[in-house]
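The two complexes that follow have subunit A in common; it is paired with subunit B in the first and with subunit C in the second.
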Partner chain A sequence: MTYWTKFRTKFRNLGKRRLVFGIGKNVLAIILELAIIFPIVWIVSASLRSYGSLLTTTLEIIPPNPTLEAYNWALALDSPFWSALINSLVVSLSTTGLCLLVASPAAYAMSRFRFLGKRPILYVLIFVQFVPGLLMFIAFFYLLLTLRLFDNLFGLILVYVSLVLPFSIWNMKAFFDTLPKDIDEAALIDGASYLRAMYHVVMPLAVPGLAVTAFFSFLSAWNEFAIANIVLNSESNYTLPLRLYALTQRDVSTNWPHFAALSVLSAIPLVIVFLIIQRYLRAGLAIGAVKG
Partner chain B sequence: MSEKPKPSSPFLKDIWRRNVIAYFFMIPSLVMLIFFNAYPIVFSIGIGFTNLTLFNIRGGYQFIGIDNYQKLLSVYGSQIQYVLYKTVLWTVINVGLQVAVGLAFALLYNSKDLLGKKVHMAIVILPWAMPGFTSILIWYGMFQTGFGSINQVLRTFGLPGPNWLNNEWLAFTAYNITNTWLAYPFMMTVILGALQGISPELYEAATVDGARSWHKVRHITLPLIRRPLLLATLLTTNTTFQQLNVPYLLNQGGPARLNETVMVWGYRTILTGRFYGLASAFLGLVLIMVLVIGFFGLRVSRIAEEAS
Partner chain C sequence: MADVLLENVTKQFEGGVVAVKDLQLEVGEKEFVVLLGPSGCGKTTTLRLIAGLEAPTRGRIYIGGKDVTGLEPWARDVAMVFQSYALYPHMTVFQNIAFPLKMHKVPKAEIRSRVEKTAESLEIREFLNRRPKQLSGGQRQRVALARAIVRNPKVFLMDEPLSNLDAKLRVLMRIELKKLQKRLGVTTVYVTHDQTEAMTLADRVAVQFKGELQQYAPPTEVYAHPSNKFVGGFIGTPPMNFIDGKLEVNESSGMISTEEFSIRVDLQLMKSLLKEGDTLPTDVTYGIRPQDCQISTEGGRKEWLRGEVYGVELLGAENVVHVQVGKNRIMIVASDRRLYQMGEAVWVNLINSNAHVFDRTTGRNLVH
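This part shows the complex of A and B:
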């Protein structure tokens, strides 16, 4: 069905006032969306330019002489993009994996059992999320220096896991809470162990919650700039945020097409994952589950 | 927390067993939390009472009592006062913008009249999908004077293109635009989730009673989404208050440190000043402020709930 026929069937039976209103809303939405995606359109357009042609004073969304020069630079074998990409992937994936591995049993226990000290632990988990990351970082800085993990990706991973753990436990607990207890009780009564009940019965049902938790821990590691900027000194350890930041801070002149190409390349994987996971978002975001 | 004890439930067998199993599940998390959360917090607060800097970190730093706190109030007093004023202004304005934009978008996108909703949703939520640091740097490019696209657009309409990041209030505006763009999708998603839980019959009944659309929003929608809205506002107030990347990546809290927030001040003290003791003391104070805000925020939202 084309847009137009859809439009006609939708509005055929409506009064004139509703019709004007309906069209108005659609037009408004499209205008707003154009404004929203403007930065994204701009960066894609900038990435298709040569260094000289970007510096115009008038707006040209479609580049006059599009070129893949910047992508050639970014994807060349000796480009800094690859090491930064690998570092970012290693850090973000390890953070996510480690975090899920550690957080899921805790979240399960919090959701299913009544035990001594559960309430205080839950409160501490909220409290920790309000603590400025920078405050803890001074201790991390000291710890990493003494553990000789400074300027080291593994050290950074440990810091990231600890920063996303409280949110992950909370979010997964809230999601487990929405799954009825009867399902794992049935498995337990049939003689399954608690671990089995959790991993084989509950976890498969909790995929939306797990996906959202995983996505958010991946995202926070992938995006983190401030701490990485202090911990990582050598360029070979740079993650994507540091690499991009370094590109924009050249004193003489920033090569914006290069920066734009790197931005587009580093955003594409996340945008794709996000669009896939989007339908889980409303179901999996803890705040929806905290309805009380 | 509010499990109804069912005698047959295997989760409630006997107290001892239940506790052992629960803690067995919790061990990995507890170890991580103690070593990498509790310990660093306590340790950092402790560092706030020493004169630790980069140069004496390998030994030689001393306990100096509340010297750092005194310094913060005396030597750095006027700086701190200014930074606090800017942070509060930033938080209030930006959270307001996020809520307003998020609410407006949620109401618009909840409408049945929108065609091709999936496509609309995918586009409007795109800022959330973009990696934050990339987006901020993109905005940094857009706010450049010469080739920045904001000024290009302004010139197209015959307006002068100012030097955004070199003027106190224009830079502040730039922060607000950037952060609202980054943060409204969260607000919108939460509100949309709540909106979809409202039964359409309520609106139908109101229509029969002759209510205008604004009245429906005012008397049906807002009261019913109040709880998730307040909770999301509280969370976003905290992240906005603690926002470092936007001011830092756009122009390091400039020009001339005029737009520094508490986090930028703390970050600068760590990164360029390297006064770790002083920074710890300062961030300790920030933590207290955050907790006070959080506490009152919870109180207010609870009062609001009881009132409704």
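This part shows the complex of A and C:
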């Protein structure tokens, strides 16, 4: 059989309907990808322009006279970028750390122990996720005032932790549920207390679950704007989203290339965190524990 | 002195399932006891109760004379081999075996020498730096064993440790395990549903069914004198034949009659039956092992029953012939290697002093 007849047979066997479906699927995927990528491309493009050259009537993705002027401004030693970056890092990393510290033991207990009120607690944790964080802000507002944690990064961290905890607990619980119970029971019999079994055996195996949870908390804290905008007042406390917003709130007209450059720079730490965590996202570490 | 003692232990799970019912079990020092029964009989729950992974609803548990009922697993000084082996996948073989020692705060140098010695005796020394994932099933099994014995615990608990091995390896490991237990002299409680394992390993077998202990005796005793119909039917391959009938006793002889035929009860058995006196029931089940039946193609013998070959299992050394006698199908182990044909007319002899007569309502063995 020649190559051509082979190809024809294959093509005929494929069937017209499947062919049309296959093409349609790919076209749809390309459109969706463009829709997602376009804003990013546009922001990067805008950050490479000079002040004033943004307002054109033609669609120019590649700027006519690209310049790094906006980045020079953003990365200058006296730029507001640095303090905001540090604030954002402090808030996001603390939120992530605290969240893991609380969520892991809670989720472990939810996964392994039988106790009174376990189901109601789990349902409440789902229910609070239905309520937008901002709606709960009246309660947060009151709590922060009482604790004198208004306009304070630690206050913001507490709010964030309470917002990401429900999902984190559920997520970690789902992961612990997939780990064979035999393994921690073996540790208990080998002489480990519950805490030591968790530390020596369960947590090392739960790294992929921890990674997902950590990334989620970090992402949530990093991007959050609305609550931070209420809690933080002094400019020295601003996180990156607030700093960006502040750029648009000046009396003079907004310097969009500056805004774009700052946006691009704020996304970079997130990309780095993702690249670090990605290695751990691979599950399957538990394979080989039990007969496979 | 009993090393493990379960006193009237009952375990009822949430939702009402009673897994273990009023269990009384004592395991002697250095004894190898096998808990045997079909799945769901409560044998694994019993083991978990001893380990402390479950708490009894009622009753007390003693290990080495000490009441451990309220103690957590880590305070009981027992070691367990799981069916799944439950090795720690993120640790090397060395770390796996060392883990119980580390948890008991044994000095580092001692850990090293003990792990190496144990690994040596189980022939896994060359794998010490590998991870469980890189080992075969049999090797993983040895690591699990090593992790259990390295600590010299008071009691070994084993939950179907051989069931994940292939048939050949299982037979090998069975013998190894028995030798190991005798050499170390550690009290062992072993759970299995495999009667061959139970018979070969156990000093005593505890047969469990529906949460209740049916019989607790040495393997030969359990085989020769099953306490009830369940034990009789569960132990032995091929399984015991059961024939329901009415028991008629005149003076010292007895017959068990079905609608189609009668079996004379052996004199030895009658002696035992007559001790029952007035309580001797008439509704009984006659139980006879396939090895105790005889088969022949020649008719005309007194008390032999006529039947027809229903099917034949060829096993090599012996053949199991299924014979239809009236409404009953009887399995017979024919050692004469004759090839019986399907549909062939045969005669069978079911009279044997090793047979049993069970009370049909309670299942109790009336022959002692």
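Note that the second predicted complex is superposed on the first by the 233 of 292 C-alpha atoms of A that agree within 3 Å, B and C clash if a C-alpha of one lies under 4 Å from a C-alpha of the other, contacts with A are read in each partner's own complex, and residues count from 1 in each chain.
Simple rule for what comes next: contacts are C-beta pairs under 8 Å (C-beta built on N, C-alpha and C of every residue); 3 or more make two chains touch, one makes a residue touch a chain.
All values derive from a computational prediction rather than experimental measurement.
In the superposition on chain A, A:274 makes contact with subunit B only, while subunit C stays out of contact range.
In the superposition on chain A, A:26 contacts subunit B only, with no contact to subunit C.
Contacts of A:205 after superposition: subunit C is touched, whereas subunit B is not reached.
Legend: residue contacts after superposition of the two complexes on their common chain; A:89 is shown touching neither subunit B nor subunit C.
After overlaying the two complexes on the shared chain, residue contacts for A:246 are found with neither subunit B nor subunit C. In the superposed model, B is the one of subunit B and subunit C that contacts more residues of subunit A.
After overlaying the two complexes on the shared chain, residue contacts for A:189 are found with subunit B and with subunit C alike.
By the document's definition of touching, of the two partners only subunit B reaches A:159; subunit C does not. When the two structures are aligned on the shared chain, A:100 is found in touch with neither subunit B nor subunit C.
Judged by the touch definition given at the top, the superposed model places A:256 against subunit B, while subunit C stays out of reach.
Residues 114, 185, 188-189, 285, 287-288, 290-292 of subunit A lie at the contact with subunit B in one complex and at the contact with subunit C in the other.
The residues of subunit A lying in touch with subunit C in their complex are 114, 180, 182-183, 185-193, 196, 200-201, 204-205, 285-292.
Contacts from subunit A toward subunit B in the complex involve residues 3, 6-7, 10, 18, 21-22, 25-26, 28-29, 32-33, 36-40, 42-43, 46, 54-59, 101-103, 105-106, 108-110, 112-116, 118-119, 121-122, 124-125, 127-128, 130-143, 145, 158-159, 161-162, 165-166, 169, 181, 185, 188-189, 194, 198, 219, 222-226, 229-230, 240-241, 244-245, 248, 256, 259-260, 263, 266-267, 270-271, 274-275, 278, 281-282, 285, 287-288, 290-292.
Interface residues of subunit C, counted against subunit A in their complex, comprise 14, 51-53, 72-74, 76, 78-80, 82, 84-90, 99-100, 103-104, 131-134, 137, 140, 147, 151, 157, 164. Subunit B meets subunit A in the complex at residues 1, 3, 8-12, 18-19, 21-23, 25-26, 28-30, 32-33, 35-41, 43-45, 47, 52, 57, 105, 108-109, 111, 113-116, 120-135, 137-142, 146-147, 149, 151-153, 155-156, 181, 189-190, 192-194, 196, 227-228, 231-232, 235, 238, 242, 244-245, 248-249, 263, 266-267, 270-271, 276, 279-280, 283-284, 286-287, 290-291, 294.
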